[in-house]
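My structure is below; once you've seen it, I'll send some questions.
We call the chains A, B, C and D, going by the order they appear; numbering starts again at 1 in every chain.
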Amino acid sequence: MDNLYRDFILEHYREPHNKGVLEPHDLHFADSNPTCGDEMSMTLQLDDAKQRVVDVAFDGRGCAISQASASILTDELRGMSLDELRAMDPGDVVENLGVPIGPARLKCALLSYKVLQGAVIGAEARWPDEADVLAGGSAP
Amino acid sequence: MDNLYRDFILEHYREPHNKGVLEPHDLHFADSNPTCGDEMSMTLQLDDAKQRVVDVAFDGRGCAISQASASILTDELRGMSLDELRAMDPGDVVENLGVPIGPARLKCALLSYKVLQGAVIGAEARWPDEADVLAGGSAP
Amino acid sequence: MAVEQLRRDVFDGSALRADFPVFDRPHRSGLPLAFLDSAASAPKPRSVIEAVADAYGHHYANVHRGIYELSEDATARFEGARRAVARFIGAPSDREIVFVRNATEAINLVAFSWGRTNVGAGDLILSTQMEHHANLVPWQQLATETGARLEYVAITDDGRLDLDDLRARLAQRPKLLAVGHVSNALGTINPIEEVSRLAHDAGALVVLDAAQSVPHMPVDVTRLGVDFLALSGHKMLGPSGIGALWGRRELLEAMPPFMTGGSMISKVTLEGTTWAEVPLKFEAGTPAIAEAAGLHAAIDYLEGIGMDAVRAHERFLFEQARDALAALPGVRLLGPESADEHAAVLSFVIDGVHPHDVATVFDHHGVAVRAGHHCAQPVMARYDLPATTRASLYVYNDLDDVERLVSAIRATQTLFGTA
Amino acid sequence: MAVEQLRRDVFDGSALRADFPVFDRPHRSGLPLAFLDSAASAPKPRSVIEAVADAYGHHYANVHRGIYELSEDATARFEGARRAVARFIGAPSDREIVFVRNATEAINLVAFSWGRTNVGAGDLILSTQMEHHANLVPWQQLATETGARLEYVAITDDGRLDLDDLRARLAQRPKLLAVGHVSNALGTINPIEEVSRLAHDAGALVVLDAAQSVPHMPVDVTRLGVDFLALSGHKMLGPSGIGALWGRRELLEAMPPFMTGGSMISKVTLEGTTWAEVPLKFEAGTPAIAEAAGLHAAIDYLEGIGMDAVRAHERFLFEQARDALAALPGVRLLGPESADEHAAVLSFVIDGVHPHDVATVFDHHGVAVRAGHHCAQPVMARYDLPATTRASLYVYNDLDDVERLVSAIRATQTLFGTA
């Protein structure tokens, strides 16, 4: 646990990066963690070619894990192309958190990824297969 | 088992009493054993006051127990009043068979009673509570 | 009841832990397990586990249809379990007990069978803001499919049913009131005798979700005056995969079947089918046979303690836990204050820490609690909370568990720097 | 396959009996139990009973929602059982496996959810004259409620599906064909690959009732080409109270839920509800948790033998029993002659003796068989029989059991004076 709630996680929780809503925005999606109901939304601004992320913000309340995960994930997105976002591996998102995530908290760690996928590919975005992610497998 | 299939049971099975259909009749009912689907019908002729049984017959195919039970039961009915039929104790019907009836064959032994009750009180007649009958309790 | 008197009724929960193998399991924290999530599902005593194993090992065959020793034996035990359930909840007849998977299926059965037959466009159905999703979503579905209206009885700031609101809504003469006996999200014990009387005066039937009451207090369907009652075996020390619906016989008899198939028919032809008598009419296919034996053993275990003693024990522990939480800064307990109206289900928030994080920190202290919306999202919305942490107590808990809860809260606050 | 070759695949059923505690139970006849009613429900091996007890004793908590060690453990095991079922029937994804109570519920789920959405007035649904009530009555109900037409594919005098009749009815382009893989009343193995191809060519979906095939032979949903498949755990050495529905993912995803409540929602408000992803969308409330562990153990046990070996073993015993019955005067076996088309389910009549009496006499000889309509009254009507006696074989049976069957028939005929 002391492994899970490392100082940088608690810092991201208390002072999340990229929190809020971008207006205007090109992409927007909101979703919730079905196991707890926590909701998160994301807004993205794209470049003129509508190909790359210029700016991003997330909003919503949630636990330290989901907030830190969103804070850390959104820090990475600027400059990435939509194709790169679509190809993102949920396992990498979890790994980038830098703390050990067990099955019970996996959806918390993946909520930001799920919302991002929703913003990029729409409502058909599915939760990644948990067993695959935990086994270090690739996207669903 | 040799207790169950005593000679008189097998005789009633091979040569049932009161088998057939009475025409004309005053009362008629048909029902089936829900555990096996065996069907039985009964027809009764009443006296002019429509109070007492003058004649009775049963029909249908079934196992030795249900056939012997109907054969033995119908032998008893002539001269009985409708009130007496309604007040009949299902435990007595089983006991009158004179052989030990376990739970698995109870419905076979009670089918004739159920059909008789249907003839007298109509479709609301219910199967007696098996636990009560087995415990030697009285009517449901 | 004075605390003095309560203390006399109270037994030593820790002594019962020896009956529950799960407490022998080493916890990764290295600490003994403080299990405070019985409202989600309860551990099983050895007697239940052995009853299931014995049923499978020595008394197992399909029920109701076999003409051989083993099947007669299995059938007699299955029907014996039905009688035990009937007796446990004061049902007038064991024919009024329908075995189902869980309380959820029991409520769905009523919504599909009674609901689809008796509720039409424009009719009003009442549920409450306090319900578990199991006693809310099936009624939403019924309303959507039939064009009926669905309204929710309001709850007060301290988590009680708003009886004035109930009266006002009953004045519209709803067909049905679906209400929980004990709220799993707030701990509230609802005054069901009074609620039933009001509902019946208004011509409404009462469907009682008793998933959280039957395991924890004496429940008597006749005294409560309800029309249907739903329970789950797994919350009352019994097996998973079995629960029961109780319904008044004349209601059950008038209802069409829900699921169809084997065992529930009287006669099938290619042209149509007639149904078996209740309760078989509602039990399509092979039931949870060994699980019924386990449920019977769970009832025996609870009756061995006595449901009055179970309630007194939990009431005492609740009062201790409530008072201990009240003394902690930054901690807020939901639901009514009085132990008369509050079961041993403590739903609380810690300022500045999300319940998910609370539960994870607790877990590392060997304290198992639930965090989330507790399948009662409208309750969370009512109090504008994303979620709560819930500690729920049962027969094997004791004052040590209450202390473990308090220390875990303190440790969480320290870790998150909120204390 | 030549008998020579079969014999080589055959294992000694009696050796497996040591794994099944029920065979230690003294029978009232004083004789060892010849259990010939596995088609109704199968005895459980010790490994299954222990897996259930271990799940209850050491790995039990509610699944999916708990943030603590025990619940994570329970959830991982529950999902592991789902993967085992998927693998066992060749499902492309474990998300296509919905846990239900039994095959009956699996079929009802399709009839309620897919059926109520996709079948309308005037549409045609096909079932067959060979079906168990579980794969017949739900379609009657669907037809009655929607105004759809229901027709039944005919069966031949020797108990096979009449494929010409199937083709003729498919020409009317039904929406759905509900068909059994193995008939529990006749023993017939239907040619499902061909049937699916014909049905799909006609634009119909195929719902396969595999309750009697999955326990006894290799089954691969992809190879069979069906769209839905129903199975029961209790018939495949697993616990009661658990079964599974498999469905093609895109079908399941497009379907509305069946029962509603906890676990199957994404978001609930007082205004309405959105659903969880499959398979959770179809699993309302607390599932049969320990029973899933038992089902997993049953699959492990069967895979330990190998499903090809199970089939070869039963095929060999069927041929021996078929030939032995053919040599008895006054005994008539139903269903196809060839072992290619006939599972180890022997449905027969003894002239002059009602099947109920047969079963009772058999019981007193320690032989457990089923007597009745086998929840397939239309099959009985088709052959103008009130009932049949059915002996069904499984892994723990051997040639001794076949001999016990033969002697019991002889004893019955002697008692009734028909031989």
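Everything that follows uses one rule, which is that a contact is a pair of C-beta atoms (placed from the backbone, for glycine too) under 8 Å apart; a residue touches a chain by one contact, two chains touch by 3 or more.
A quick note: this is a predicted structure, and the numbers were derived from the prediction, not measured.
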Interface with more contacting C-beta pairs, comparing A-C to B-C: A-C
From the C-alpha centre of subunit A to that of subunit C, how far is it in Å? 36
Subunit A-subunit D separation of Cα centroids, rounded to whole Å: 44
Centroid of subunit A to centroid of subunit B, CA atoms only: how many Å? 73
Multi-chain contacts in subunit D, i.e. residues touching at least two other chains, fall at 65-68, 71, 265, 267, 356, 360, 363, 371-372, 377
So which stretches of subunit B touch two or more other chains? 35, 37, 104-105
For this assembly, give the contact graph shape among line, ring, star, complete and other. other
Sort out which chains touch which and give me every pair. A-C, A-D, B-C, B-D, C-D
What residues on subunit C touch subunit B, complex-wise? 64-68, 71-72, 75-76, 79, 83, 94-95, 265-267, 276-277, 280
In the complex, the residues of subunit D that touch subunit C are 21-22, 24-25, 27-28, 33, 35, 37, 40-41, 43-44, 46, 48-50, 52-53, 56-58, 60-62, 65-71, 101-105, 107-108, 129, 132-138, 140-141, 152, 232, 234, 239-242, 259-263, 265, 267-270, 272-273, 284-291, 356, 359-360, 362-363, 367-372, 375, 377-378, 381
Complex interface listing, subunit C residues touching subunit A: 354-357, 360-361, 363-364, 371-373, 377, 380, 386-387, 415-417
Could you list, by residue number, the parts of subunit A that touch subunit C in their complex? 1, 4-5, 10, 35-39, 61-66, 104-105, 108
Write out the stretch or stretches of subunit B touching subunit C in their complex. 32, 34-35, 37, 102-105, 126-127, 129-131
